[in-house]
Structures are given as structure tokens and as C-alpha cells.
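There are two complexes below, and they share chain A, which is joined by chain B in the first and by chain C in the second.
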Partner chain A sequence: MSAVALPEIPPARARGESLWRKAARKFARDRLGMVALGVVLAYFVAAVGVWLGWWAMGWPDLTGTKWEAVSGTHWFGTNIIGQDIFDRAIYSTATAFEVGLIVALVATAIGAILGGFAGFFAGTWIDEVLVWLMGVLDAIPFYLFVAAVAYALTDNPWAMHVAMISTFWVGTGRLIRGEVIKLRGMEYVEAAHSIGVPEVVIIFRHILPNTSHILLVQASVMFVGAIKAEVILSFLGLGIKDGMSWGLMIDESTKEVLAGFYNNFLAASLLMFGLVMAFNAVADALQDALDPRKVG
Partner chain B sequence: MALAALVAACGPVEQPSGARPATKVFRYAMDQAPTTLDPVQGANIYANFVIVNAYDTLYSYKYLARPYELKPNLAADFPTIAPDGLVYTFRLKKGVRFIDDPAFPAGRGREVVAEDLIYSIKRQFDPRNQPQGAWLWQGRIAGLEEWKAAGSDYDQPVSGLRALDSHTLEIRLLRPYPQLVATLAQGFAAVVPREAVDKYGKGLGVRPVGSGPFKLVSYDTARVVMERNPNFRQEPVDLAYEGYDPATQAFSGVEAIQGRSPPFVDRLEFNFINEPSASWTSFTKGDEIQYTVLPIEQVERVLASKRPVTLRPEYADKYHIYAGLEAGFIFTAFNMDFPDFGYNPDPERERRNKALRCAIIKGYDWQGRNESWYNGLGQVFPGVIVPASPEFDPDLSLASVSRDVAGARQLLRDNGWTPRNLPKLVYGTTAGTTERLNFEQFRAWMGDIGFPREKVVQKTYANFGDISRAWKRNQLPLVAKGWGLDYPDAENTLQLFYGPNGSPGSNDANWENPEFDRLYDEAAVMQPSDERTRLYRRMNQLVIDDCVAITGLSRTRIYLWHKDVIAVPDREILGGFWLKYADVVPAKPAGLTSRAAKGT
Partner chain C sequence: MEILQYALRKLLGGLPLIVGVTLVSFALMVYFGPDMTYLLLGKNPTPEQILEVRQQLGYDQPFLQRYLGFLREIVTLDFGVASTGEPVTALLAKTIPVSLILILPGFILGHVVGLLMALAAAYWRGRWLDKLIMAVAVTGMSISFLIVIIGFQIVLSSSDGLDLFPVRGWNSTSLGSYLTYVTVPTLATMFVALGYETRFYRSIIVEEMSRDHVRTARAFGLPESRIFFRNILKNCLIPIITRIMFSIPQVAIGGALLIESYFGIPGVGKATYEAIITGDQPVLKAVVSLTAILFVLVVVLTDILYRAVDPRVTIE
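Right, the complex of A and B next:
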């Protein structure tokens, strides 16, 4: 009697592994991506602490005297009116996340929906109108557009968000439109048509979920873009109206660096640099991980 | 060819006779742009600086005399005054002409006559012009109010304004007005030709037609460019008459203008640079601007000492400096027309409002502001009689400018104010970093006395013109502003709180105190005297006691200018009048200096 070695059967889990699971595994192997994710999470924790009121709530208070140097009391020193720069920098992290998240989520959603409709109805008047709208919005210089919106919505704290969302969705819309044009000719969509599934349901239930890898990457890119735009707009006086941001801190520092005081400038610039770099690295790693050509 | 090359290498060592002299340009800088150049609305220093150079006023100030002294400008001399002080007779210089302009027949400027001055004063009482200078003569010159009430018809006479002949003007007053001559040195009193108003209408605001030392070339929000008025009257400078003090002013090189007729530069540029750091860069990097106020962030780097103010050697080699306390102040008035703070139909609420205002004043940290923004060089003082006024009282109690947070909180508690029922404080500012930080500082101080953060809010305006309009239209509850004396008399700051001067007049607080107004009327007809000073000080105390304004601080102005500019700059009472005396040493053509130095 001889033993017969049975062929090893791979676990069913591995055979049927989803694209998301594969992407997660791939992302986890990306060291730079993981380190960057850790950095982003650290910033996020700082932002959550601000939202919960755990720290940096004293950012507007006059806790010191003019231009105090770095000390145990004021880790990054104080500004011209004696406000603690560390508190202001940490509070600004929350502002960055707030703007980044709101703009990225809303603009991605709008881009997905309008891009989805344009793609699904490609060649019809709906597509023509939406493509025309994207072209118009693309044609307006971004900062002029923001200035116009800021002026139209005088004193409205959401003016900057509205302006960013109004323009940021266009890129996502174009990508999704292209992807949907590809997907709408696939068999499963035609099958849905043939059994009478309403078009709106086809778009939202069967097509858009299959563009989620694009949306995720686009959202991460927009998140970084929104943070950078917020800093620039706040520096120009078109951004944050009532609050604190790295852009406002850099704006303040334009006077201070001339007096040889760099704390505001360094704190805001380095913190913004760290977050933007880290999020860029995360976005790159995500893109690699979710690229169907690589993941498949 | 070799000879030609040799000649070219040697080059000319001096300009050939008859060569056109280099154009002399003085590039001045201010932190804001004027919103109009029409004297009828020229309510701020930015407009005034340009207006007094485009137009003539009957009087101006001696260039170098300190304390300031009036002198005739378009007037031939000082007026003759009737014994009762009610009739002034002015004689105008003859032969003074407006600039050539299409508004005049054949485009040639005509002679300035007494009727022009009458017309210009009438304009301040024509509501169609939205005038801002009427407060200078309201209730003073006979017949003006009636003329206004009758529809402001320029063809109708005003009983108190009469041209005795083409060059003699008579002004009849309702009551003595010792400051009348000084008011005729204001931009509001600039002499405007009727033809220009008829032709350009509101366009006069961007196209001045005057008889001043310069005429406008261009005007936008970044720059005003003017060029010398070639027909400006010849009036050689007499430095002794102008009040020249060699001990303190010789450093400026101003002796070089003795005996010469202004204006001395061919082109005058006003550059409007809002950001002090940008202004400083333009000033130090070359000749982009030749004058600047020293930005506060540069004080430590540029000054060798603060008391007295001196420059470090590397700057002293290149620039002249002047430092002095401004003839004015900064303050924040409560707009009493807002029932949340000021007058209220409910007497009990009005009483509590006063306590609220007093508490806010107690919470305000003048010393903190002085240290943050003025390097501690400013002078904090109580009330509205500024240190530069002859009537200033150095012994007045400093209680109203001393921070007392505990006292403020107690006052609020005693009068039923809680964080829940405190009204919203809307703090208007122009857009800018400094202004935002000013607001944050104010909000923090108010937070210290109990104001919730969300109840102290900032309202921003794009520029000074916009916020100025908001003040005039009575739209802001807190009016944070600066005021420069128009003439060296405390009446000029006290009138900021005189009831009849309410919005759109100069009384932005819209405060009406019968005793104050009575004392003001009483003092207004008095010549300078101890008794008048006593009345002024009593009025000052009323402003303090009624907690109608958070006041005040006079800033130390530090001016720097390039050493190729011959001038003694001033931004105070003298205003823009000094610019016609500014001269610039022309730059020598490149190469000429070195060769000349070698003796070739």
C-alpha cells in the first residue's frame, strides 16, 4: 500500500481575493506609503484633538508677549501680539483637514455623479451640456474664479469651499465620464438594460461602484490640492475668514521675517510641507495599489 | 577709424551746452490710495496730499516752522478782521491762473478770482455733491444754510460770501470763528473753477483742474503721477520766513532751495503701497520710492537707539531720518446710534449700555497695543485732546487708559451683563494682516472681561474708502480710526464729538451731550486763552466720563528718505504742502562721475 500525495488545494480565500483586498495587500507592502500613512494619521489625530476641543483651543489667546523665543511654555514661540504659535499651528492642522475633507468629498461626489451621467448619456444633449460646463469651468483661471466667488459671497465662511468645489470636481468628472463610457458597453450593463433596470439605478448601483478606485485616488489628490489652495487663498486674504490656518500664519510671517523672526513661517511651512508630502506619498501608493493593470 | 574709436573711448566729460537737463522725479509713498481727488469729498489725508498739490488754498503752513504757522498761499496776506470778529476780508494774489484745460474757452486756464472761492465753499453745502467738508463752516458763515435749504442754486448769492471785487472776498460770520483762517488751509477749501465742474461733473474726482504747483498726469489705485505746473507763480523761497532752524534742519540740505521758486521737481509720484514690508523693500532696493515711513518690524534692525531715534551707520550713510509724535491719534468710538451700546428708548437699558461701554474701555489694553504695534514708542493719553495740541493736559488722570480687567468684570456683573446677554461687537477693519491681528488682539481683550469669542466679530472692507463710507453711512457700531489734526487747536479733535457733526459728518460716534455741545459752542467763538483751555478740558472730561470712546494713543512717526532728496518731510498738519519744496539731486550720467573724478 502506498500513500498517494494529494495535490495541495490553495485556500478558497486566496483564489477569490477581491481587487480591494489585493490592493490593500499591495499597499501594505509599500514601505514609503505606510510611513506616509502613519504621518497622515498623526496629523489626523492632531486634527481630531482640535475638533474634540482637547488641545490648541487657546490659539486666539494672548498668552505671552511680543515675539517670544522658543521655550517650555511656548514651544514655537509667540507672534507679534503674544499668541502661542504652536497652538495656532496645531489648530491649523484641523483647518487643513476640514477644508481638505469637505472639498475632496463633495467635489468627488459631484464629479462622480455628473461624470457618470455624462458618460452614460454620451452623445446626447445631457453629455454635451455637462462637457460644455466642464470646459467653461476649466477655462476660468482658478484664483480669479475664487476671488469672484469670495466677492459674491462676502463674509460667507464657505465662499472658499464653494469656489474650490466648483472647480475641483471637473477633473474627476472627466475621468469618470471616460470610465463610464467604457463600462456602459459591458455585458453586465447590457444585461441590466435588458431586464428593465432603470437607468439611474444602473448608473448608481452597477456602474459608479466600479469607478471607486478612480474616485479614491482622485479624492486623495484633491485633498492635497485643497489644502495647498486653502493656504494660498488664506495668504491672499480670500480664504479662512474666522479661524486660523497655515496660510494666515505665513501671511503674518511676511512682516516678521523682515524683523528676523521666523517662527511663524517655519512652523506653518514645515507642518504644511510634512502633510502635503505625506499625503502625496499616500496618494501615489494608493494609485499603485489600485491600478487594475498592476493589481490584476 | 582709430581716431573715431579714441574719441568714443574718451567720451564727453560734460553735457554740451543746451542739452536737456535730466528730469527730476520725486517718488513719494503712502499706505492708502485716495478714493477721489475732488476737494468736496477729500476727507482723508491720502486725498488731501494730492489735492493741495493740484489746487490752491487761500492759506497754507510755513514749510519749516514748528510749532506750525499759517501763511498766505493764494491769499495776498492775512485777512483784515472787523473788531467784532464777524467780518473777514481777504485779498487774493493777482495773475494766478488755473491750468490749461479743455474746460476753459480755447483750453487756456483763466485767472483765479474771488468768485471761485465762493463757488468752492458753496459746493460743500450742495447735497448733490455728497460733501464731507461742510462741518468746517456749518453754522458759521451767514446765509449758507439758507442757500442750501433753498435748493443750492449756484446763481443765487450767499449773504455771508461776497466778492467785493475780482480779487477781494468778504466772509461774514454768524459768530466769531477763530479757526476760520486755518479752515481755509484745508483741502476742502481748495479753489475749484466752475467751468471744470460743469464740464466734468463727478469726473472731477479723477481729473483735477486747479492752480496748484502740479497738474495730474494719471491716477489709479496704485499711483498718482503729477507733473510740474509750468505756469505756477514765481515765489522764491525765503528760508527765514519759512521758519528754517539750522540747528535741527541743516542736515536735510534744505538751504539749497533758498531764493528759488517751487516746485522743484518735474514729476511727482504718489505710490500707494498698503503693506509696510513691500514699501520698505521698494525703498531700500533702489529708487523705486524715495520716502517711506519706517515699518514697525524694521525698528530693531534699522535703529541704533529709540530714545533718541538714531539710525545704524549702514542706514545713516544712505538715508535721512526724522522722528516725532504725530499731531493726531488713534481711537475707537462707540456709535451711539446703535441701541445695543448707545442710545436706547429704554432709560434703564441706556444706563446699562454706559456701564457696558465703560467696561469695554477698562478691558482695552493700550500699553499692550503700544508695545505690539508701535514698539512702545507711542504715547498713551486719556481723552481726545492730543499731546500735540497746545491745550493738552499732561496731568490728567490715566485711569481711563489703564487696563483693569477685574474692574471691567465687576462693572458688567453689577449692571446685569452676562456672557449670554452681552451684545455682539462688530469690529470693522480694512482687509490685511495687521488689521486681522488688531482684531484678534481686541477680541482677546474682550474675552478677558467676559465676551464670548463668537460675540466679537470682524467685518472687513476691501480698502479705506469702503470702510470710510461705512462710517459715514452709520453702518458700524465701533469706529476704530485715526485722526490727524487739521490745525493745531484741540477744537479740531473735540469737534469729532460735537452733536451737530453727526454722521455723515465727523462725529462718527453720533454722541449728543447737551453740556458738551454748549461748551463747544461757547469755546468756538473764543480766541486762545486760559479760559478756552479750561472749557476744552472740561469737554474732554465729559467724553471720558460718558465712556463714548476708547482713546487714545499718538504714534511716533519715523520717516526715512533718500539722501538725494532735499526735503523735510511731514505728514502732520503741514500735510502735502511740503511736496512742492522737495527737490531731488539729479543723478549724473553713468561714466561722467568716474571720469570727472579722475580729472579727465
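Right, the complex of A and C next:
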């Protein structure tokens, strides 16, 4: 009996590419996305340098006279009392990352956990309470909520972060809830149930990891949202209390702008615009790369 | 009649939401909020005076009783007196109309122009016009509202720019002065809304355009305009209505707060901002609870509108 030449079946792993590897491949081909990622990384390096104390430490010092023009010593000129605008703008980059990262990470975690529980227990009182909570937080005007939290925490410097986190998680929570409702009906979850895996383990080990693509995109959207909210809140006097931020720089610059001096305003707004624009582009590219309906 | 019953049932369903919002705002702003005792007292108060004021403010009562008192104020629309000595209801009656005529033009223009740009982008999807519109939209989304306001002010109102409109302030006694004061805020609100609206509308239109029934209609040779209005646009109505309705409470407070405090326009946003800064609780209470009620009304109204545009939505 002659041997029948069976067609070689490649192992399943090599054939089926994982979601993340595929996304990385798609992302690497997205030229705009890669450029934007480079820009974000450059900002991040600037922020890390501030955290390590390498540069921009002289932001509160009076190093010049009022409204100096752009020069070798003052790259962006000086502000109304003679502080170096470049140092202040770079220091503010670190503030922006601090606010953006803290808010995005904590809010994403809360959104994932509460959204996951609501979705998994959809139809029970747990879900109803969580959905009610999301509705309540959506119905309170954001600025008033921030002010109210600031009162309740008696001018704690973290009041702004707490307020942003407690409202920002809602959007993620709703998305995750919808996705989990879809996932909990799938066979592998049923299988886990039938062999007696505890519900908490099912949620955290088997369901939530499958929503990580949504979480990543949501986190990047929230990062941008937090940076933009910080600028407006700091301008209104509800944001950053000590330190320096783009919002405080713009607040400072409103007096200068009316007198015809634009360096402070331009430095803060252009740097902020660059970071937000690049991060928006990264978020878009991520969304495209992680969308299985789009063929890469 | 059926609709009325449905609306009433929906309103009842919104009660837990109102209870939640008032509970959260009461807890944050009043119960854990700043102690108002010493603001109402003169210098060197005696312990008896302190006790009396605390009693007057209800600080000696338990949480639940104080919360019920808070609810009673909302139900009777009697929010007390603002720190300026003006009754809160009179303050709101004076400021809300200003905010409405300030915000409405920008709100409408933002949605209409956004929808038109989205239609153009979706119609020429993948072509240069689509790419241009989307690039402009993403750029617009990336600029902070605050920067847009200051930018428009510099370009349109300052002596370094075109110097066409007043720098700040408000006067709506005649149509002419209203138009000069409302233009810059309107352009700023429209500009900020445009990026978000265009992107959102484009994505839903593109999704509708790629549905099977649209392809079938095209295969049957229906005229393009008819397909566009009856098969595509009509099916987009539900997300469009949702979008517009749900942005009403946000725009009414959020948008007006920044615009009004920046331009010094005496609307409800500026009144709220001043109340935030000075800790004027009666005003904050009124604004928060009225916004929550507005939110619930919007939810109910949206559900009724769904039924009007989509016969598949039943009132069950």
C-alpha cells in the first residue's frame, strides 16, 4: 500500500494570527499613525525629563524682564513678570501627562470593572443599580460636579482628578457593559460555568481580557479628554492648584493677549494642540488597527 | 392619549434619576460642602448666635431630614435667596433667556453645517473632498475650546486683527447690537462643535450607505436622490435625534459657562460660574437640580420622537 500524501496542515497557532499581532502589523503600516505615535513619544520624553529633574526646573524663576522677545536664552521669550515661557511650557507637558495618564488609567479600570459587572449580571439588581449610577453621573453638569467635588474635598489638589475620574469612567462602563452582555452568551463562558469556575474568575479571566481592545481605545480617548478638560478647569480656577499647566499659562496670557503680546498664549496652545492632535491620530489608528471588520 | 400615557410613564421612570442627581449634589455641595455658618454671622459671634445660625441652616438635623428639605425646595421651585440678596428664581428668570439667545445660533449652525459637511464627505467617500473635510474635522477637534474662543477674539475683535466686533460684553436691546455681540461667541461654539458633529454624522451616514437595502434600491434603478433621502437619510434620523437631544443639557450649562464667563455675558452660565467661585449654594442647588430635570425631560422627549420617526419603535 502506497503512502497517501496528506496535505500538510499547519499548526493552528501559526495560521490564526492573534488580534494584537495583527493589530500591530496593521498599525505599523499606517503611516500617519506611526508619525503621530512618534510625536506623542517625543512629548513623553519631554515629560519624563521633567519628572527626573533634567530640564525645565527653572520655570518659577524670574530670569528676564517683562515680555522679552524670542532669543537664544529665552526660546519662547518671557512672560509678564519675566519668567521663561519655554521652561513653563515644557514643565506643563509633564503636568498634562500626569493628569492624562492618571485619569485615563484609573477611569478605564473603574469602567472595565463596573461595566463588566453590570454586563455580566444584566437583568439583576446589580446591573440596575450600576446603570442608574451611570445615568446620574451623566445628568450632572461636568463643571458643577468638579466644583462640588472640590468643595467636598476642601480644596484638595486631587479634587480635579477625582471629579474627572468619577465622570469619565461612565462612557467606558457603558461600552464594556454592552460588550460583556454579548460575550457572556458565548460557548466558552458557558463551558467555564459548567465546570464550576467561580463567577468572579469568569469575569476577570475570561471575559474582561476579551474587551481589552475597547479599553485601549477608550483609554486613549480619555487621555485626550482629560488634557482638554484640565486646560478649561485650570482657566476657570477649578483645576491645577500648585505647579504649572497649559491651562494656567493660557489664563495668564489672557491679560497679555489684550496688550498685544502673544508668546505665552501661542506656546501653550500650540504645544497642547500638537499633543492632542497626535494623540487623536494615534487613537484613530488604534481603532482602525483593532477593528476586525477592516481587513488589513 | 396613548402618547401622553407613555410620556407620563417615562417621566415616572425618570424619578430615580432625579433622586440620584439631587442626592449626589446634596451630599457633595451641602452635606459635605462648605460650612456657611460664619458667612452669615458678624464679627465675634457668641456661642448662642452660632448655635442659632446653625439651627437656621439646619446643620443640627439628620441627613435624611435635610435631604427632604432640599427636595421640597426643588418641588416648590423655591430655592431661597442668592448671596447677592436676589431671589434665585428671579436670577434664573433674568439669566436663562440671555443664555438661550446666546447659545442657540451656534448650536443650530454647528449641527446643520456639521451635517452638511458630513453628507458631502460621505457622498464623496474616499475622494479628496472627504479627506480634506475629515482632516479639518480632526484638527478642529484637537483645538481646545478655550483656545478657539481666544483665537476668534484676537482675529475678529482685537486691534491686531480685523477689529469688527466688541471684545466682550453683551447688549441685546436691538437686533443690530445683539448681532454684533453674538457673532464671535457663535462662531467659536460652531467651530468647536463642527469637528465632533461632522465625524459623528459621517460615520452613521457611511454605515447606512453600505446597507443591503440601499444596494438593492440602487440595483432596481431608483433615482439617486430618492435613495439618498428615503433610504439613507431617513434611517439616520434615530442617531441624529439622539445626538442633538442629548447635547442640549450639556450645551445649556457646559458651553455657556465658559463662553459667558470669558465674554462677561450675564447669562445663567456666568451666574453659575460666579456661584461656583463664591460658594453660593442656593444658586448651585437650583442649577444642578434644574439641569437634572432637563436631562430627564430630554430622555422622555427623545423616546417620543423615536416613535414619531420610526414605526418599528413601539410604546410598549
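Rule of thumb we're sticking to: the second predicted complex is superposed on the first by the 280 of 296 C-alpha atoms of A that agree within 3 Å, B and C clash if a C-alpha of one lies under 4 Å from a C-alpha of the other, contacts with A are read in each partner's own complex, and residues count from 1 in each chain.
Keep this in mind: a contact is a pair of C-beta atoms (placed from the backbone, for glycine too) under 8 Å apart; a residue touches a chain by one contact, two chains touch by 3 or more.
Please read all numbers here as calculations on a predicted model, not as lab measurements.
When the shared chain is aligned, chain C comes close enough to touch A:V136, but chain B does not.
Legend: residue contacts after superposition of the two complexes on their common chain; A:K228 is shown touching chain C, with no touch to chain B.
By the touch criterion defined above, A:E187 lies against neither chain B nor chain C after alignment on the C-alpha atoms of chain A.
Of the two partner chains, chain B is the only one that A:T65 touches; chain C does not reach it. By the document's definition of touching, both partners, chain B and chain C, reach A:G237. Legend: residue contacts after superposition of the two complexes on their common chain; A:N280 is shown touching chain C, with no touch to chain B.
Of the two partner chains placed by superposition, only chain C is touched by A:A147; chain B is not.
Of the two partner chains, both chain B and chain C are touched by A:G260. Within the superposed three-chain arrangement, the count of touched residues of chain A is higher for C, of the candidates chain B and chain C. Residues 237, 254, 258, 260 of chain A lie in contact with chain B in one complex and with chain C in the other. Contacts from chain C toward chain A in the complex involve residues 16-17, 20-21, 24-25, 27-29, 32-34, 138-139, 141-147, 150-151, 153-154, 158-160, 167, 249-250, 253-254, 257-258, 261, 272-273, 276-277, 279, 284, 287-288, 291-292, 295-296. Considering their complex, residues 132-133, 135-145, 147-149, 151-152, 154, 228, 231-232, 235-238, 247, 250, 253-254, 257-258, 260, 262, 265, 269, 272-273, 276-277, 280-281, 284 of chain A touch chain C. By the touch rule above, chain B contacts chain A in their complex via residues 275-277, 280, 295, 297-301, 368, 371-373, 431-434, 436-437, 440-441, 443-445, 447, 453, 457-460.
For chain A in complex with chain B, the touching residues are 60-62, 65-66, 79-83, 155, 237, 242, 248, 251-252, 254-256, 258-260.
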